[in-house]
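For clarity, chains are labelled A, B, C and D in written order, and residue numbers in each chain start from 1.
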Amino acid sequence: MTYHVGISDDRFIRGNIPMTKAEIRILVLARAKINPGDTVIDIGAGTGSLSVEAALQSGYGEVYAIEREPEGIELIRQNAAQFAAAVRPIAGAAPQALQGLPQADVILIGGSGGKLDAILTEARQLLKPGGRLVVTAVTVETLQRALAFLDSCPEFSVETICAQVTRLRKVASSHMMQALNPIYIIAAEAE
Amino acid sequence: MTYHVGISDDRFIRGNIPMTKAEIRILVLARAKINPGDTVIDIGAGTGSLSVEAALQSGYGEVYAIEREPEGIELIRQNAAQFAAAVRPIAGAAPQALQGLPQADVILIGGSGGKLDAILTEARQLLKPGGRLVVTAVTVETLQRALAFLDSCPEFSVETICAQVTRLRKVASSHMMQALNPIYIIAAEAE
Amino acid sequence: MTYHVGISDDRFIRGNIPMTKAEIRILVLARAKINPGDTVIDIGAGTGSLSVEAALQSGYGEVYAIEREPEGIELIRQNAAQFAAAVRPIAGAAPQALQGLPQADVILIGGSGGKLDAILTEARQLLKPGGRLVVTAVTVETLQRALAFLDSCPEFSVETICAQVTRLRKVASSHMMQALNPIYIIAAEAE
Amino acid sequence: MTYHVGISDDRFIRGNIPMTKAEIRILVLARAKINPGDTVIDIGAGTGSLSVEAALQSGYGEVYAIEREPEGIELIRQNAAQFAAAVRPIAGAAPQALQGLPQADVILIGGSGGKLDAILTEARQLLKPGGRLVVTAVTVETLQRALAFLDSCPEFSVETICAQVTRLRKVASSHMMQALNPIYIIAAEAE
């Protein structure tokens, strides 16, 4: 079966780890502009749902999925396996866990464990010219710090949106509106 | 203590009955334009949170809270009691449960049990000249039917909004964004 | 005619000054919990729409409307006059324009001209015990700074929401959904 | 330059025709699951922004862009030309303009001129087994009718979301939040 972006949430194994929802993955990956062969680093990979889709887009490229929760690492392995996606789980927390990784075309930051500035500083160094860095923020503080950091880097052009998705759920013959939490997507593209 | 609209959600006794959230109550009551002495009918009253606030605004007026779930009726009683609000719970389902009620200045419709057209037909008859009818809709079908019905009544001027509220929750030193479900508020004012 | 919160936007004279929309005024005023006789300071009052509604709620109280744009001051005068609202326009920018004002029960901050920290510092001093301070933010930076400041004050309990309102506009027999910009409302209540 | 979904809005020539915004195109195209060689019909193509992206995804496939406004047809031509996208503009209104078109893998409905039921009836006939039909709705009525129609067709599995995107615009050193109108995306996949 051909891969299309936005794999249904229920096809991922989840456990107790929060997962980036399909609609957000679609928007993040659009901003990541992954090309075949690209090297991708996914920081705070969670269940690996985004890493898996990144790997399916990068083809023969490499995707490094950094996650500090052991349960997450196991889920990443399982989800990568079921989609035959070339994802390398890296157990540990950024920025330390970034050491030894190659230069990347795309860096995705979905979790920062309170070390966003240090992670962004490292990520900036790791990003290839022309590379894309996409931060997803679910807190005001992550949003504000990501904007402040990225705007201060002259090599980046930054575009930010808040995506608020409501899903309609069929109940009898009615369609109920059920909100997902809003997510800010901060996309920086290096010259 | 003086009453101010938008009583905190956690001050109501809730059980398993869905409750209109404080921000939505605030917007609905603004559209209801309750005056002291007004007669109010709250259809699908749930926990009675809206009925209680309506009663506190109508003062010496009367608020009839129609609810078909016995658990709801009990919650309405308890919530009315703790706020010393003059709310009369009416066990049953509209439109039948509307029989025998007096003409109303304000009719609130938060639940219709699939009988929205019949309820609106009755409510229209019960509404005094100059009265306000406010429907809250959490499904596409309720929204569409309420709009179709109310727009077809020449005596009504109708204003509709969708309110999407996100609450910020403090987690450590961050503020996480947590969405409430969007609610459509259809407010009709009779000539 | 009795006053009800949420005066229709088109009843205010606007000019080129941005105006807080009716639904936001409703939510802000709910959080402001104005009592008859309250002293209110509205910083960045714009067209005065919020000041006017505050004055109608405070009755014999006083509302000071600080605005640095001369056009705004003129609009505040006109809007106060047409609603017979006791609003005193104060031409100038906060925090300087706050000098000489009395202690307040409620302080509303809708504009800060880049001096939010200084304004909050002054506002905190001016606020009576039990007073309410409500900041509306349309930028990430105002939101983050207001949260950081208010959370650091032990006397405040802070509640924050983002309100995203969509209005439905009738076009032929259809109802089009038209978004207003999202607004963050940060409400702090002093012990 | 490699094509990535979500071409920036300002790269399209627009005139006075409403354009589907980049974020919505991204979400619609994700649901459309276009494969190389697919035949796509875009009904109510507007400026052709969605047709162009569909053509870039379908590669050697065919994209038919139906639009009743002459200005739209001209914009579709220009936009297709500048992206070297194989889009065939068809001047006219659906369902009539659908006559003579081949079976399609994907049908996109962005405008219906009040004839949604007739268009959906024809579209259903034109859709190949396994095909995808995606309706975007900006009115309550289009949303409700699309849901009612598509739910009644046993061959379709339907998923619907409302996407509300807020863009952040840099003003001095602040980021202002500016809402785009919410869009409902109704995606039906045929067995």
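Definition applied: a residue touches a chain if its C-beta (ideal position, glycine included) is under 8 Å from a C-beta of that chain, and two chains touch if they have at least 3 such contacts.
These numbers were taken from a predicted model, which means no experiment stands behind them.
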{"item": "Interface residue identity across copies subunit A, subunit B - same or different by half", "value": "same"}
{"item": "Equivalent-chain rotation between subunit C and subunit A, CA atoms, steps of 5 degrees", "value": "180"}
{"item": "Most distant chain from subunit D, judged by the mean position of its C-alpha atoms", "value": "C"}
{"item": "Whole-Å separation of chain centres (CA-atom averages), subunit C against subunit D", "value": "41"}
{"item": "Distance between chain centroids, defined by C-alpha means - subunit B, subunit C (Å)", "value": "27"}
{"item": "Of all residues in subunit C, the ones touching two or more other chains", "value": "140-141, 147, 162, 164, 166, 168, 175, 177, 182"}
{"item": "Complex contacts: residues of subunit A adjacent to subunit D", "value": "2, 4-6, 23, 26-27, 30-31, 33, 35, 147, 151, 159-168, 170, 175, 177, 184"}
{"item": "Interface residues, subunit A side, partner subunit B - complex", "value": "114, 138-142, 164, 166, 168, 171-182"}
{"item": "In the complex with subunit D, residue positions of subunit B that touch it", "value": "140-141, 143-144, 147, 162, 164, 182"}
